[in-house]
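Okay, so chain A shows up in both of these, paired with chain B first and chain C after.
So, the complex of A and B:
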């Protein structure tokens, strides 16, 4: 039973974040009344925030059924929800109140969302052999429709069983909509392939420079909050999420000082997910190129930025630490630019996740190739941390229910 | 006789307590876990292979650290007893032994065997 004595405290919520749902995740992480859990098994409420692509609907149903009953489903700005689910829709402003209401109804047995997938395995156990495992010894056969792990030679020269998995698209820690296909030996990714969604926010006509820079600060700080949470520092993640919702230069400086402490985030991120300068040059991810000191920035040629004195990029090193340090640098500068830009406008800005001149599809392909290179041969924990440091436009702090950059 | 009564009393209370817990829970959980809930949490995806496999723990780095830090103590206790009798010769022999072990520790360090996870 999902209802326990602990349910009287913060309501445990599992957030399935689609494109445009990042702001919802940060708002909930910052709220004291809600406990964001990292597994549907620990949740009472499934919250769907942002768009649900067609290919991700079936995985969402599995996540729904993995939340123990009685359960509730709440949706915020979720377009493309599976027809099988009947969520309670809410606005971002009234979300916490809605979740508390659903949580209390679950407690008194007045609310439940039925299972939508078959309760029994649709593929029967077709095992042979002394233990029904499917073949001779421990090898061969397809019990329950899935193959037994077969041996393959690993990077350390030992030949052992290799486990093939797909992580995502609704796994906390991975960027929204990201899928990581792996061939694991122990916890080492002997084979890896990353796929990013080919949808995301687009630019709609003329936008204010101040709005774009505010969006940059909120997005980069939001990415930092998610990375901090993935690294196992939830209290710090909550603090950074609050800052991402309402960024200030003083707040950015305070977070930077906190992160510079000796036993903090760098312990987890130093030397992880290294990318060479050549890897990140010309891939359409401006911030990533700038994190290696490559001056790839559409703002240099944008007349709207004339006289605003953009800082030269600094090579922060190619690891995860270098990337989150770049986010802090760029967030601080974005707040300065937003203040100085007054009412300037532009139609081809450098967006927080890359140049507006690069198509979403091209960026997704380049992003996936980079991420695959960065995680290949890594241990699983380090690979997840690496992917958390390579978020996409789908994790931008663009208001849920709309896919355009705010004008 | 009193001991026997105590044993039966404790046994009876244990059975009653267990039966009470099972009744209070109201369900036999094993019968109510659906197929999706039996699946691993992978963010909506299914594993392509069964998890019934030989997990590659990479014991060899742990073995190296174990030999370097644990086995040396096995030799150092008897060495400490005869140290006074053998004098400087014992010191040199143990020094050589520790240098060899230190090389193993350095190798484990380089391979990431001492990394915190």
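So, the complex of A and C:
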């Protein structure tokens, strides 16, 4: 009886979002039958959405083994899955039903996914104290594969323990494929290095202006949903995710009213992750430049946009608040343009994440450099929010948008 | 009024029922308010989904990390709900109904907040995991910043009552509730309540930005225990807020405990609503604002209250 009652969910799912899998995350966040959990320890199902880069496969196996058994693995549009995993593949349309079915089978012990890594750390724990602490060589850096703190002088002149960690690539809150290597003293990033994926989606050939603008609205609202979730507002994030799947101008206004109030999202984001105008100019991230009032927009010179009256960019101040306000501004304008564009087409679109004229590799390098500057010396929570406000093309739902782009 | 106490056996039953019932009510409020804020198409069913969530999590296996401090890991949620029970014990639940309405009630309540800091720290410490430990230290920094607020606010409430017993504080509001007499008290105490329960904007130790911090490595029944403990503590703070600022069990027609329950549900709804609408405050900003703005404000609140009482 209990099995029947609980088989309606919500099934706890940990989503490992690869490139192009963002829409899956939004669809599941909006679904009643699924709970997105931020720790694999509380998941029942590991869902892999989007492409898995080669370098991220080994960490994905670690995440897999952290999901308690019995567990299931489901994949949606996932290319590059590690060979060790045998996922149940699903389409986006049938995903919730698949997860419910796998969840029910797990509950009655009819489904499981074996460990793929050794059950114990291959390197013996060398601690000697009554609680396993201490011991020769158990301090500083990453001895025997484990991060251990060692004293070092911090930026405030104090000598405190410094711990070296790599956060990502599958840490919820960070952009898809993003890695943050840190030297932490307390919760301050005394050393930081950010890396973004050097592969990513592109749109090639003749595409409809309306499709590009719809993609822009969906992408920017999707980024906002993820940021809102990371800022501690999961219910509002659910509302924004629902809007990202089917954006409307009225919906954008309604979300703005709920988020952009003195005691709303700005409490978490005001003054966080400040970027100067020089930092964001010429990086190939058009929306970011426009958030500081710099008119970097390929649409200005694109004849397909003639007469559509693009709004002039507004300097929103350079912090995380400024960035998500820009997302809302641009999403609203994108919906207006999509409506007005009728059947116009273009071959050099200003993509939601930046100019199509800049290569993915160059953009990743510039993106990583400015993100590293923005998080260095910051408190850990500010750093994660800052990175959540600097997503990449991998966090866009390009796979879905292709279906709308005529050949 | 003489301090009222219940028979020890009855006290255990009453305390257990209030904590369990409080956790259930807070859980239901959280689910329903969250569904309304999210604009869910079926908000009315949110409570049922919350129950199913608990059952499903309960049936999942527990987790273990490499070299955890298992004893402290198990003790932490028990300690946290234990200090919630201690706080509940000194609060009057009706006219002459209290588990132990001791004369030093506000001192006991202050001690509870310190012990809660220990329990949350242990929860993060014991997992032997980096982000869990970051969460643990966050709570220590957060707690040290709001503990003095709590003392000043409670002492201010004790001044007109001329007693540190919560029963006397309720009695002193017979003519006028403290929420009117001491308008700064309620918002300041709300900060303490959200901080001690690390709820909403002050959920720093278990924040989403550090993958749920002290709870990162916890799953199955242990996670349910931790979440129930938090909700029980929030319920206790809702009761304490009603007792200190809204006249506790005072009210016409209905029995005292019913009045207290109604007021507490309203307060808990407010806490839960804030949790769904206000973003999480950055750690360093909270510490700065707590020491440079809220603490002086709470001292001013105490000084003004003292002057008014003397006049």
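Everything that follows uses one rule, which is that the second predicted complex is superposed on the first by the 366 of 407 C-alpha atoms of A that agree within 3 Å, B and C clash if a C-alpha of one lies under 4 Å from a C-alpha of the other, contacts with A are read in each partner's own complex, and residues count from 1 in each chain.
In this text, a contact is a pair of C-beta atoms (placed from the backbone, for glycine too) under 8 Å apart; a residue touches a chain by one contact, two chains touch by 3 or more.
What you see is a predicted model; the values in this text were computed from it and never measured.
> Both complexes share chain A, so when I overlay them there, do chain B and chain C fit or clash?
Once chain A is superposed (C-alpha atoms), there is a clash between chain B and chain C.
> Looking at A:266 after the superposition, I want to know if it touches chain B, chain C, both of them or none. Which is it: first, second, both, neither?
Second partner only.
> Touching A:107, do we find chain B (first), chain C (second), both, or neither?
Second partner only.
> So, does A:311 touch the first partner chain B, the second partner chain C, both, or neither?
The answer is neither, since A:311 touches no partner chain.
> Answer with first, second, both or neither: which of chain B and chain C does A:168 touch in the superposed model?
In the superposition, A:168 touches chain B alone.
> Is A:204 touching anything from chain B or chain C once the two structures are fitted on A? First, second, both or neither.
Neither: A:204 stays clear of chain B and chain C.
> A:65 contacts which: chain B (first), chain C (second), both, neither?
In the superposition, A:65 touches chain B alone.
> Between chain B (first) and chain C (second), which, if any, makes contact with A:357: first, second, both or neither?
A:357 sits against neither chain B nor chain C.
> Which of the two partners, first being chain B and second being chain C, lies in contact with A:186: first, second, both, or neither?
In the superposition, A:186 contacts both chain B and chain C.
> Check the residue A:97 against both partner chains and state whether it touches chain B (first), chain C (second), both, or neither.
Touch status of A:97: no partner.
> I'd like to check the shared interface: which positions of chain A are touched by both chain B and chain C across the two complexes?
The answer is residues 39, 41, 66, 68, 121, 146-147, 163, 165, 171-172, 186, 267, 379, 381 of chain A.
> Tell me, which parts of chain C touch chain A in their complex?
Counting only chain C, the residues touching chain A are 33-35, 37-42, 45, 49, 52-53, 55-57, 59-63, 66-67, 69, 130, 134, 137-138, 200-201, 203-204, 207-212, 215-220, 223, 276-285.
> So in the complex, which bits of chain B are touching chain A?
Per the stated touch rule, the residues are 25-27, 34-37, 39, 41-58, 116-117.
> Could you list, by residue number, the parts of chain A that touch chain C in their complex?
2, 5-6, 8-12, 32, 35, 38-39, 41-42, 44, 66, 68-69, 107, 121, 125, 127, 131-132, 146-147, 163, 165, 171-173, 184, 186-187, 229-236, 238-239, 242, 258, 263-269, 271-272, 379-382, 384-385
> Write out the stretch or stretches of chain A touching chain B in their complex.
The contact residues of chain A facing chain B are 1, 39-41, 56, 58-63, 65-66, 68, 115, 117-122, 133, 138, 143-144, 146-150, 154, 156, 158, 160-172, 174, 179, 185-186, 188, 267, 379, 381.
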